[in-house]
Amino acid sequence: MVNHLLSRESKGPTGLILAVVALMVVFSFLNPRFASVENLQNVLFQSSVPLIIVVGATLVILMGSIDLSVQGVMGAAGMAWILITPNTRTGLDYGVWAWVIALGTGVALGLFAGLIYERLKVPSFVATLGTWYVGLGIGIMLYGNGLLPSLTNEALARWPTRLTLGIPNSFWLAGAVVVVGLVIMNYTRFGRGLLAIGNNEAIARSSGISVSRYKIMALAIAGGLSALAGILATMQLGSGSSDIGSTQLFTVIPAAVIGGTALSGGEGGVLRSSLGVFLLVILNNGLVLAGVDPDYQQGVFGLILILAIVTVAWPHRNRLKVAK
Amino acid sequence: MMNKIQTISSSQPSFGGVIPPGGLTRHRVVAAWHALAPVLVFVSMLLIVGILNPNYLKPLGISIVTASAAPILFVALGQAMVLNIGSIDLSNAAISMVGAILVALWLPGMGVMGIVAVLAVTVAIGILNGLLVAVTQVPSFALTLGTLGLLQTAALVTSDSQTIYISENRELIAALYSTSLLFAPLTFWIGVFVALVYWGLLSLTRLGLGMTAIGKNERAATLSAVPTLPIKVITYAISGLSGGLAGLAIVAQAGSASASGLGSNLLLPGIAAALVGGTSISGGQTNPINVVFGALTVAFVPIAIQAMGFGAEAQSLVYGLFIITVVALTTSRVRGAVIK
Amino acid sequence: MKTKSLLLAGIAASTLSGAALAAPVAKEDMVLVVSVINTTNPYMISNIEGGKALSEELGIPLEIVNSNGSSQTEIAGIMSILASGKTPIMFVNTVASSDAPTIVDAVKQAGGYVTIWWNKPADYKPQDVGDNFVAFQKIPGLSSGACGAKAIAESIGGKGNVVLLPGVPDSTTSKTRVAGFRAEIEANWPDIKILDERPSNWDPQLGARNAQDLIVKYGDQINGVWSADDGMQIGAMQSFENAGLLDKVKFASDGLYPKTLEDIQSGRGNNAIVGETFHRGYMASAVGLYTAYLAATGEIVPSELSDDKRESLFQLSCVTPGNYQQYLQYDEPGAPAAFVDRLVQNGPWATDPMPLVGGGRADASEW
Amino acid sequence: MTQTPPPVLRLINVSRSFGAVKALNNVSLEIRRGEVLGLVGENGAGKSTLLKILAGIEKPDTGKIEMNGVEVKFRGPNDARAAGVGVVHQEQSLFTNLTVAENIEQHAMTGSALSRLGLQDWGRLNREAQKVLDKIGAKLNPNTKVSDLSFIDRQMVEIARAVCIDPGRRSTPLVILDEPTAVLEQQETAVLEREIRKLREFASVIFVSHRLDEILRICDRVVVMRSGSLSSDRPTAGVSKADLFSAMVDGQAEPVIHARQRPAVASKPAVKVTRLSRQGEFHDISFEVHPGQILALVGASKSGRESLARTLFGAETHDGGSIEINGKPVSRWSIRKAVAAGLAFVPAERKVEGIVGGLSSTRNIALTNPGVGAVGPFLRPRTMARVAKDWFSRLDVRPGDVSLPLGQFSGGNQQKVVMAKWLNSDALKVLILDHPLRGLDVGASKTVNAQIRAACKAGVAVILIPDTIEEALEMADDIIVMRDGLRSARHDLHSNRNLAIQDIVADMV
């Protein structure tokens, strides 16, 4: 089964795994603490939020679209969740319904973007950019002028870091999302349909795949996952903030690209994008541990991104290749 | 790039193409709408706000809108040129940041030569972007995201994480902003002039024809002996130049520059202005003159939101809805085309 | 040649639209404007509160500009209010130092009066601009850093290792606070070692993430954590709590956010928070607005003021778990209104708990 | 006596208009079980509209469609597929990033997203696809990714997909093959013909082609369309190409094959290729082409001839041997150098490589050789338009609006503009044509061939990759036969006038 899962992703991700391993070796050399159990747990903890997002983002990118709305959806859902979970501000406790409502907010925002994209034929870039602001606006309005809401439920606030079998709960959640993402991608008609759309939308349409519904649904799932990430991030922080998702977009999209998921659609997969997330999180963590001047962090990040994509693309150069 | 309207595909199913009868008139109507929509959107927005508060139609209102449009306009023009060849330049706002910092650093010592030197540097950054994109053939979205990171570091390092305030020779550049012509600052008019030059470049030169051909069908352009590599490099150089000009406009306005100051948030407004100006994100379609109206519209949105009295908390929400609505009104829709 | 004539025409035009210095402005032509960086940070929300309280006190309408963290949005928002035709009385909490000249120029053109808070370029002075740039005001970051440094150093017995979480790297506010921290340590605490410094952009999440990485990097070597504001400290504390280290590490920061106050009161993490600073956003905005208001009504003429009233430093109070109770009164529901009352009575430079304590130096904004 | 079963498909008075134009005018048509029906007609005769209606892409304005005696209404391609209509499109329409099985069992992929979240059973999918592949006799692994398949194998997948209908239905499938041979080599066409005969055992077939002899060989019955109506409908037995041709073009006779004079061989060859090689494509190829001479490259798929042509034009690189243009050896060869040296290339994939569909004809023509349409770096829009109009009238391009996007023109007219783009240069010395007649109707083919000959007469050397051997025999002075990347034979048509197709085929396989 696992073998089957892996084989369906375009080409083996061996190169990527090697890159991750190489990076780990270099960083362990620079600071022996890098390879400590605590740090590996730390890396898993830090990758869990972007991992959840990257699954949704990959579904969307595989069909050739893009989802920029991550930050807004996370802000809206995170705020919605914390305000109806035991907190210092409202004192409301909706229990499970808090999750349902927050995830619902994310799915609704995803649907909103999807409908604008598919029904109004506004490019996904713009539809999701607009949704980013709309979500952020909802988060800001929920935040209002009141107190900073913090979780009062100790168990809930500790849950993300608590270890189960030596692995933080956050990562168990993210891992489950990745597995579900892999199953959707490889074992459902929906997932295969997204690949078909990414490969050639016109054919997908004419061969009767309900392209519109698939697209809207992919964006809705991405919205739901961003919402889940927003909840997890809020839980990790212990307090609500409408900016909870800031900078996530610029981790997740490069991660997908480094993983070899083509922005034009049809190529790549959840597993590869996840490896891309690991690569970037390890890079960030390693730079801190190695004591690189923070001013240079963005630059090193940019350089690695360029090197990674150029290395992948270099052998495929050809006089007539079109790369956009 | 993403968001591509895929009019060309090696394997689109069809039964042979014949012009759909009635397509001719439709083609003209669509073309006319494309030419006019950005102007109409801006004018109608101006009118609505003007009815609510006539002060916005007075000289001060005009000078405010045009002043805040100027930096967006330069970045948007550069972006539109890159979008036109079917690529994207996520680094061009960061180029303008670096440009602004360099202007602030060099102007006091070098005077006008400093400005020339800064533009040379931003063009060089653009050329480097173009070479990387064209030679390595990687998606420009990812590549320029990488150069964006490098430029952010460059901005922090060159400015030593300081706000650099120009004390000497400030008048050399401040005049660009403080001088106004028909109520708009000179920086805006320079932007309009640059738009006209870019328009001329696109519609009246072989270079421009090549750019548009690359944007619409790069393979066919290559096989038609269009020099794709130099054209891409030139296009990114233009984006770099536009970024540099935006940097000048920023410094002219602010008299100072810093890595996270004015201009650090120009990327998304720049893209939005290009799109609202009718530029297709899939390439092959832009009109720099309409991008002027795109920039005006995008600069006007926050002003309009404020003018219409939406609460501070609602601004993001309204801004998001507005961008979607405007692009929905101006976006090019080809029947049956794939929108990405 | 063509450019030259354009320039000439332009210069002619620009001289016409110079500063509109006129007779005192009537109240009904005024509008109070509070420009904040965002509307989610507790400090910014408090800024707005101050504007509201003063607006009620003076009976002048209030407009809020939400910059959403972007200089572009900030300037556009301010400009749109300038275009509305009324005389703006402004308090601007600038997104970046470099925004100040642009904003001031525009306000000057519109004949309004502005007080800039926190950030401006050092060489850009109200005295050089004229009466429309009424004042630049801030609470010295150096003192804030020193407060934190002292509190941490004392609590860990003058010996140990600390890590710093500054805000946005090129923000003056953050830089002055860091400088204050380092200066205090260097001067008085030879056995305290600063292990590392990770700018966290005022972002709680980034604060949490950087704290995590620092925990891994230095483990239990860390004895104290200083953050440039409470937002980042909230994130950092969560990380130390998750790592089970909260009981062993001392924290100090700036702003005394409600959440922080709560943690001090509850003694969270074995009284982890040892030092804070007290200043409230509503006080800053009320003082700033009121200064500008006085200039607009002609009650003060800025050009005749002493330098320390043009570039002013206001008092900052160091808060410790021992004395926090005396500041609770300022967070009571009616506190902003009460403060505004006293402000109108005592004037902008002598209202407790933040009287003018200095300024007017060449490098006032670097304090 | 048993009752004859109802026809698989029956169209009754079907009409479809676009604006003022009647694309289909009262068409009635029947296809019986196991029948192979040929459909011919010039571009614009209404074939496309008819096929779109059958595939559920367009809806008829009036008239009705019955399948197996029951009236059907297709709301979309899904309905048509569900009713058993399978289409092999002119251009391949496979998802190259999915497996063979997924492409074949596409009905397994359709349906609403919500109801299709059920898990895919790969084992069953592969088994079912294998059954279909076995039925048409294709030896392919259903679990292979399509991007790893050769062109003809992909065509097999297309056919497998067309005949694969929902196993729940027991009706006879109707398979529409829209010019399936247009992109196939002679060899592959023979394979395909065999396949079609096999299909007859369990399906009905509509076979569309521009190649009349193919139609006559394969089909039981042939229908000719002209201006939206059926102008002829009869069994193929006893029908000649000339009959069909006159039914298509309203009484005109088939064009006369030109008898050419051997051109005077100039002292210097325009193109001289010596031991040219490209890894994995072709090896050790040498030949010369002189001004005014037409050289045809003939070969089956994987013969390397397309790659050779592209290499000559600089679109691909060679790793051995040399190219001389007008006696001068070239180094670091590229498309731009090739064009500067007077080479021109008409690619086979017109939409993707030949035209910039979104640009006007005027600008397409000016793209490479603007001629008088530009002064230095500047374009002269009016002169450009005049040049384009000139070419339009010379090549009879319709509609005559040079400012329309070229992508909106029919294939034949697009190809004429591609020719104009290259012919608009005085410096043209070598014309390389990759399947120039692919997908063109008779009229357009004639114009294109006439232009090739005219260029030749003006001293241009031509290298032609023809669709068919007949085309090579008709056009060329010399033929080089390639097999597996090697030159297997060379024929001088002037000294060997009785060369037979069989002789050439023998060298191809």
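As written, the chain order gives the labels A, B, C and D, with residue 1 at the start of each chain.
By our rule, a contact is a pair of C-beta atoms (placed from the backbone, for glycine too) under 8 Å apart; a residue touches a chain by one contact, two chains touch by 3 or more.
Just so you know, these numbers come straight off a predicted model, no measurement behind them.
Novice: So which has more C-beta pairs touching, A-B or A-D?
Specialist: Higher contact count goes to A-B.
Novice: Round to the nearest whole Å and give the separation of the Cα centres of chain A and chain D.
Specialist: About 44 Å, centre to centre.
Novice: Distance-wise, how many Å sit between the C-alpha centres of chain A and chain B, to the nearest whole number?
Specialist: It comes to 28 Å between the two C-alpha centres.
Novice: How many Å are there between the centre of chain C and the centre of chain D, using C-alpha atoms for each centre?
Specialist: 71
Novice: So how far apart, in whole Å, are chain B and chain D when each is placed at the average of its C-alpha atoms?
Specialist: Between these chains, centre-to-centre, one finds 42 Å.
Novice: Chain C: which residues touch two or more other chains?
Specialist: Within chain C, the residues that touch at least two other chains are 39, 48, 169.
Novice: For chain A, jot down the residues that touch at least 2 other chains.
Specialist: 140, 143, 200, 203, 206, 295, 319-320 - these are the residues of chain A that touch more than one other chain.
Novice: Find every residue in chain B that makes contact with two or more other chains and list them.
Specialist: 9, 11-13, 156, 161, 219, 222-223, 313, 315-316
Novice: Please give all chain pairs that are in touch with each other.
Specialist: Every touching chain pair, ordered by label, is A-B, A-C, A-D, B-C, B-D.
Novice: Give the list of chain B residues in touch with chain D in this complex.
Specialist: Contact set of chain B toward chain D: 7-24, 27, 203-210, 212-213, 216-217, 219-227, 284-285.
Novice: In their complex, what parts of chain D are in touch with chain B?
Specialist: Of all residues in chain D, those touching chain B are 18-21, 23, 43-44, 47-49, 51-52, 87, 89-94, 178, 313, 315, 335-336, 338-340, 345, 347, 349, 351-359, 363, 366-368, 370, 374, 377-379, 381, 399, 401, 404-405, 407-411, 421, 439.
Novice: In their complex, what parts of chain A are in touch with chain D?
Specialist: 4, 10, 183-184, 186-190, 192-193, 195-196, 198-200, 203-210, 213-214, 217, 266-267, 319-320
Novice: Give every residue of chain C touching chain B within the complex, in rising order.
Specialist: Against chain B, the touching part of chain C is residues 6-7, 9-11, 13-14, 17, 36, 39, 48, 63-66, 68-73, 75-77, 79-85, 95-102, 105-106, 109-110, 119, 121-124, 168-172, 175.
Novice: Taking the complex as given, what residues does chain B use to touch chain A?
Specialist: The touching residues are 1-6, 9, 11-13, 86-87, 132-133, 136-143, 145-154, 156-157, 161, 218-219, 222-223, 268, 271-272, 275, 281-283, 313-321, 323-324, 327-328, 331, 333, 336, 338-340.
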